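Before I ask anything, here is the structure I am working with.
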């Protein structure tokens, strides 16, 4: 590596294009030399050209087999992640993989083993850790400004529910949506979750129940260090993407507010009207995606550890599985419950 | 009643003096004609005189037996509440009673029966309903501005822990502190709690455990209307009294922020520094106490229902009992659990 | 004086009743023993009785001549202030006088001379100095937290314009409304004004011009210490009473925001709607009036200097006169301009 | 033009590189085909290559004479702007020119005449109009939400003073710094300035006086429609780049707050500490530069008017000249003053 990380992009759907555009135009030291997509079409080829990606392919092997490629961005569908990670690891390439690594534990474990064996890097796409506000909360807590951590709270509500066609395959609210928050509470508390209790309901749309899912959930968590946590999710918050975190400790509390579309306020006889939060994750975490990519590129070029690794990807999935079982049984579930740690 | 409510004040401790001073100077239509305290002393007599209370007594019977007294404020210790309510009801007097009515269900029930039989009014001192910010949140939700209610959240954290001598007799965090929040979630959701799950720990001070208590707790609640709720309490929030509520619904969210000591902000190279929240309940709910008293006096003078009644007092205690059992068993507990509904 | 300041209240109009009620119920150590009003009527007598004032009179001499009265609150019409100050001073009574002392310099000067000669105290009713937010701004600046002061800004806008019958006799926007802000910039800058430039217009209602007045004005000020200042006033701000101050200095800036009716915020698809500022000065400066009265009573009882004295009353009037001349001439006017310092 | 605007970039200093990078990576439909700089060096050539600019030159004529170039971005030093505008106009190219067009009126006028004669577009770089918060304030006012405009206020303070070597040639605070705010008040008020009064001083650093300049200034403005305005500038605000605007009108007020580095708040016993404003114009107006460039490219490709034209460039310079004369004479100065309208 000579100061430029030569990247192969796998998957040119929405998230693949996002990473691709950012890497080409905003991330110094990154260069995508090939983009592969099993469903390559004219639209994807046109996009690739527009961002200066010289080569396109239908076959990821064209990336894995290319000795000039240093790293891969795995942005294909979740069910392909584990195989691609294993393949990329064998090929000696550093790996950025979108979350989740997989939805079953055995696939995650074989991915992590392959990565370890190959001695390559694996960064998992928990993008919210790179949001400047969440990061500032983390940094204040991690640097001891609030002393010992007592409680972590995460409010995470989407502006609009996904279509039912998505819900059907999403893996459920804990695996698909709250998984970000499970990572967030680990990030903010600096400790591991030991037990969860989940309460949920179909308040937005009863059709979620048709897929065994809920649209609203509150999960209470216990941490190894004794701290407590709580996360609330809702699939539909019509006032906008609600993304707030709080950490309470012995010396104080650090929390953040939503990022608004603008800072203007209209004061009339009706009150003072401010802007809505930035619409959804593409807007709110726009800058965070770039920071995430920069962190990966920097870790590869400087041979430093990645900031979010395979273990983080595993832990979030385990918590999601425990939350699922808790919802189904109506009881708290420990993370070492055999139903959680096995597939 | 001729436009003035003649009141007998029972109990001249901190809360009794607070109600007494307010009633005498800030509540139109109220007049305390006698103040009784089992432990009457010179200091209490001096205070009574300073606020214009003409008569003092060691014996509450002097109040109950006085046909010129229309209503009583029961501000004595919790263990006396039920007997005084029963006695006042029999005497035909309207009753304001500080919370809780009692810590066991049978005492509450005999109080409510006596009140019902006598046809008098009973208002319970859930003062937070009269806070202008919490009330504005309630009013927005109750008037349909956020549509169907999905989730209610209450963050309620005291600035400093009470002395262990108090903890010993407090009845525990749920009965002593979170009871206000149990009432608040009923007020905000417009629905009854059906099940609770409580997680807690001694994070502030391990001595709470000596009394079987916790200092930090998160309680998840389910409501009859399908909504979910969550309350977090901590005995010590060194940044100040943290009192925030949120209601999320199908059309939006209404929430409040803490009331600060002042609205000044100092911007320097270190950032922007604002004031702390008003210190504790006497400061934060200073105006709410007056509104609470006005509401009682108005209800008595106009023969309208009181805004917070005996049933509200009972329900909050039942939720507290369920939360206690949940903490002890590590399981969710229904409100109709026999351990909850019996003493 | 034996720990209680015996007060004579002169004038039972709106502001007189406000001071009177506060002094009787909220200011420890204060006791109004007589209230006088040239236009005493049943309503005023009823009010006096309701707040526990034993004696009423049509003749202020009943107050001045009463050797048991320690201090007077002059709340009568502006044109009577100077004579009453002189009379009270001769009678050896400490004086609280509502602003302005007078609208012409000679009346102010003879008032101040009488006060000085008698060795009594004179506090002028610049109530905003006692607002907790403005005071916090002042305290931060005065204690050096922003270093040398560069610029002071005051935004002061009334929610609704007074009736034209009031405008006719008000003395104009500078003497009637901005006079509070002239005192505020002196308070915040810690320096004396040397020159002003006033721009104004009739934007709200052209009828202000009928009385030679404007309804909107911006005044730029220069201070002895080199700092600059700016004040903007408007007679009508339909979104509520807008009262914000800023002080900029070499190390930072301290400013305040309006006090809102409550801290609730309603977030919907339309944005986030917060409450309006507290309506007008009676609401916004409600607590400040009490603090002002307490400060006077404390100064009298402890024989300490009053926090806002006669010189402050004079200075604000001189600035108002200079602003008036600037508006009329379209030129900056110095405070030592003979038209300013003479009547 | 076939959907792509072929651009020649003139000047590769800080602002030229900023526009260049944005145009290449973030502005759809833009393509820089040549970049010219009188002082071309290796660093500039390297930069050009890194953003995909194929051709570099020392001679702007290589751009003007190239028939394949549709538009130019003039980012060279101010003294070259007028000549380059005239030359580009003659060559039939659309023009984006950084502010100011020139510091003397005759140069501006000959630029505007050349542009008009050639029928090309000229957009002037008043980037703040494209800031999302300022724009939201403008849009609310322009759409009538606050009714008739009464007062416009702009607070604009730089985080740190420029070096004296810059001050020497800057043209003074009004031409160099406040010129943005002069454009802003025209933008927000929807009206033309008729008279200004400027007060200023050297509060930050007495060395500004060595160059006949001030470091702190307050300018009061009158508008054709009767509205009033005020701008305050300071060369050094150590708490960060302070960029706030307010518009007051008959129905309300719309204003904005600074954009902060993040939305985290740390609450401890010392108060609540939030982040500083984003550091300086490159950070605060980062997105606005892109919006500005997009607006120009869109206007060129769709043959629509540019949002900020040559007249806007002229007007801001005239106001700056009037402010300068006011500061020197201590008197208000009209915009039609011969000293303002002539060189």
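Each chain carries a letter (A, B, C and D) given by its place in the written order, and its residues are counted from 1.
We take it that a contact is a pair of C-beta atoms (placed from the backbone, for glycine too) under 8 Å apart; a residue touches a chain by one contact, two chains touch by 3 or more.
Since we're looking at a predicted model, the values are computed, not measured.
Averaging C-alpha coordinates per chain and comparing to chain D, the farthest chain turns out to be B.
The interface with the greater count of contacting C-beta pairs, when A-C is set against B-C, is B-C.
For the pair chain A and chain B, the distance between mean C-alpha positions equals 42 Å. Averaging Cα coordinates per chain places chain A and chain C 57 Å apart. Per-chain Cα centroids separate chain B from chain C by 39 Å. In chain D, the positions touching at least two other chains are 238-239, 251-253, 267-269, 275. Viewed as a contact network, the protein chains are fully connected, with every chain touching every other.
Here chain B touches chain D in the complex through residues 238-240, 260, 267-276, going by the rule given at the top. Residues 148, 150-151, 153, 155, 157, 197, 199-201, 203-204, 216-218, 220, 222, 226-230, 232, 234, 236-239, 242, 248, 250-253, 330-332 of chain C are the ones that touch chain D when the two sit in their complex.
By the touch rule above, chain C contacts chain B in their complex via residues 24-26, 52, 132-137, 140, 145-146, 251-259, 261-269, 275.
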